[in-house]
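Two complexes come next, and they have one chain in common, chain A, joined by chain B in the first and chain C in the second.
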Partner chain A sequence: MRLSDIAIGVSMAMLALLLSYLIVYGGLGPIATLNLRPLAVSFLNYTYNPWKIVYSAMSPEAVTAIVWDFRGLDTYFETSVLFIAIVGLIALFRGANVVQGVSSKGLSIIVKTSTKLVAPLILVAGASLAFHGHLSPGGGFQGGSFMTVAMTLLAIAFSIEFFQQKKLTLNRLLAIRCIGLLAIVVVSVYLLVKAVLLGGYAYIFQNMPRINSQYSMPSWFLDRPLAGILFFFNLSESIAVIGGLTLGVVLLLLREEELKAIIGGGEHE
Partner chain B sequence: MIDMVLASAGLTLIAIGVFCDFVAAIGLIRLPNFFTRLHAATVGAIGGAVVPMLGAALLAIGYEPLGETRFILAGVAFTTSIVTMILSQAGSHALARAAYRARAAPLQPITYDALAEKRGDSSE
Partner chain C sequence: MKKLTRFIAVFLYIYAFYIMFTASTTEFSLTLGFIASALLAALSTPFLIQRNLGAHDLKSFAYLLLYYFRYMIIEEYKAHKQVIKIVLSRKLDIKPAIVKVPYSVKTDYGMTLIAGSITNTPGTCVVDVDEKRHLFYVHWIYATTIEPEKAREEISKVFEEYAAKIFG
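Coming up: the complex of A and B.
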């Protein structure tokens, strides 16, 4: 017993020493050379290239350009998978509803006060992560998940009846989710509809003008790159994710009194 | 001169943080029950995370070669320390309250239980 404690302590100290040695001396690796690999060159050429807009996504953030421009359809199917999972959860909890005044009035006043202070900060940080997804690391899904953390904090500290009092019912959350998904669909076919109405060619998930299509989403907002479709996708994806994930959290937090009517069990007793 | 002062103040705060972390580590092992160990963990969170982050902010402001970046670093460190200070006490309070009300942790080495008296509960 005594010996094992000493062994654990010594090994933890060795681990800390090893990690600090790695970080200080070369664990971060040598500085990269100026010679880029061909893959990096192609990404740099195709993500933000104001001189050849027909080959470019006009987004300074390469990952967002890949996720929503180069493989936009794939990302849409990923979003749909999450939506189908939420739909399964709703089908499982069909007819459930948050009942007022069951048991809890939330956690104590200390937790409520600090949640009041911190939840708006988390919401703002998540929103900036989502709306700046085309300029800095982040994106719609990440920002939406970030904001869901604030909603979960609110749901736990103030109890889920708080959402009901603020008119944020389960149906409204589902509606928010559907509005987000619908906005993604509308944005992805917007240029195609425009081309059908005005003549000419366009593609679904088209962002900047292409070789045989002059239609384009706006690429600049005042003096900042907007990256057209990427900004709108990030916006609607974050709305969809905050609606869907908050709905899932609220459903999983339902109390026994609310679930008795749905899960049943009455006929076996 | 001023950067020297800032650097020594920052290093002092980080040294206080190391001391608090050390005390917290010992307390987590040696203290007798859940609530006192939670106290040790909070010493680690406030003294061992908030104070050294403030020290890191001072250190970053005082380090000239970083240029403009040092204000960003200092701001991020300052904000993180404030948010940690708000949240860690709330978290440990919620843990202690839940453990007390659910009777999940033994109260045993106890001298005075004000909550039991307040609720008219004399089981402990």
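Coming up: the complex of A and C.
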């Protein structure tokens, strides 16, 4: 046993001791009391409350209820910000396209076979996260990002030319992104349009019936709460995210040959 | 009909994973998962299975399950025993080398199964593959031999027997 080993052991023990001291005596900041603040009480009361549906989001998951119902408009603009970032990326790479037969044909056959076995499983797991966003942790963005992992694996193992061969062009990916965003818009004004056509009142981003509006999104699907717009928003958001992020990944994976024409052609004699 | 069998095989593969991942058997989860799995199976079947499936594939599947348990219990144990000895010994007793290991299976799946099995056991790791000459290049932490045939005997003989039975 060398001196350095002893020093490492002692310092590890000191670290554990100091951390436990800090935690026990509140050195990392005040420990939350058992009394809840009024805001937390109201969230807990109205997230899922079948007795007061006019105030409730009817979703067992508080975070999703807050994100897509209590502050739905805010989340919509957050989604728009990501979309604008993607638009900026497209503007930067305008005119670029995936060229066939440039250099690589992807990774080895072993990696390809494993990837094609795993990719559908990652996609279905992402879909599961998106479906259950209003019941358990997860949601549209998380599900969409999860699915993008599968698309990234495919793009790297099979090369981006593979997407082009399977007709998943840059424009198609953008179209998928736009369909997702459009679906969010449609869901958010659905009840409003219904009220205009049938008479009565409704709000944008309305989920359950409100005090002066009897219109409502479906609150149950088979044997579990559907939480109305929350489910549809999660689904649309996951579609928008998989389209947008995959587009971003493919653009960033473009090879020199494909970019020369766009960003290398600015030299003047 | 043949297309349908392939579709159903891929669908069951995806749907079974969905149920395990979701860990829920409510009608809500099962219905939505059914739709998503059917959609993904329709998209991925042409990539995953090209040949026609028959009754003998059930036998192959049984072999796959048998192989899984044999691999996880016996082969992993053997490989771990050797590596644990190296890790715990005071003097670093290793003989690292990259050896050629030939293989004779014909399908991509069989090859992937062998390569994955070699890599997943500690001590050996496939670093490259030569498809034309049917060779794996394997990094071996305690290379007892560098003869390709002997190395195959020591590293991948069991894996290959099962891979041939499962995927041909």
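In the analysis below, the second predicted complex is superposed on the first by the 223 of 269 C-alpha atoms of A that agree within 3 Å, B and C clash if a C-alpha of one lies under 4 Å from a C-alpha of the other, contacts with A are read in each partner's own complex, and residues count from 1 in each chain.
In the analysis below, a residue touches a chain if its C-beta (ideal position, glycine included) is under 8 Å from a C-beta of that chain, and two chains touch if they have at least 3 such contacts.
Model, not experiment: these values are computed from the prediction.
Asker: For A:Asn171 in the superposed arrangement: first (chain B), second (chain C), both or neither?
Answerer: The answer is neither, since A:Asn171 touches no partner chain.
Asker: Would you sort A:Ser11 into first (chain B), second (chain C), both or neither based on which partner it touches?
Answerer: So A:Ser11 meets neither chain B nor chain C here.
Asker: Have a look at where A:Leu222 lands relative to chain B and chain C in the superposition and call it first, second, both or neither.
Answerer: After superposition on chain A, A:Leu222 lies in contact with chain C alone.
Asker: Look at A:Ala125 in the shared chain and tell me whether it touches chain B only, chain C only, both, or neither; answer first, second, both or neither.
Answerer: A:Ala125 contacts chain C only, not chain B.
Asker: Could you tell me if A:Gln214 is touching chain B, chain C, both of them or neither one (first, second, both, neither)?
Answerer: Touch status of A:Gln214: no partner.
Asker: Does chain A have more residues touched by chain B or by chain C?
Answerer: Residues of chain A touched, chain B against chain C: more for C.
Asker: Answer with first, second, both or neither: which of chain B and chain C does A:Leu107 touch in the superposed model?
Answerer: First partner only.
Asker: Please work out whether A:Thr115 is in contact with chain B alone, chain C alone, both, or neither, and reply first, second, both or neither.
Answerer: Once the two structures are laid over each other on A, A:Thr115 reaches chain B alone.
Asker: Looking at chain A, which of its residues have contacts with both chain B and chain C?
Answerer: On chain A, the residues that contact chain B in one structure and chain C in the other are 108, 110, 113-114, 117, 121.
Asker: Enumerate the contact residues on chain B facing chain A in the complex.
Answerer: So the residues of chain B in touch with chain A come to 83, 86-87, 89-90, 93-94, 97.
Asker: Mind listing the chain C positions that touch chain A in their complex?
Answerer: 10, 13-15, 17-18, 21-22, 24, 26-29, 31-33, 36-37, 40-41, 43-44, 47-48, 108-109, 111-112, 115-116, 126, 128-129, 131
Asker: In the complex of these two chains, what residues of chain A are touching chain B?
Answerer: Checking each residue of chain A against chain B gives 107-108, 110-111, 113-115, 117-118, 121.
Asker: Under the definition above, what is the set of chain A residues touching chain C in their complex?
Answerer: The contact residues of chain A facing chain C are 108-110, 112-114, 116-117, 119-121, 123-125, 127-128, 131-132, 221-224, 226.
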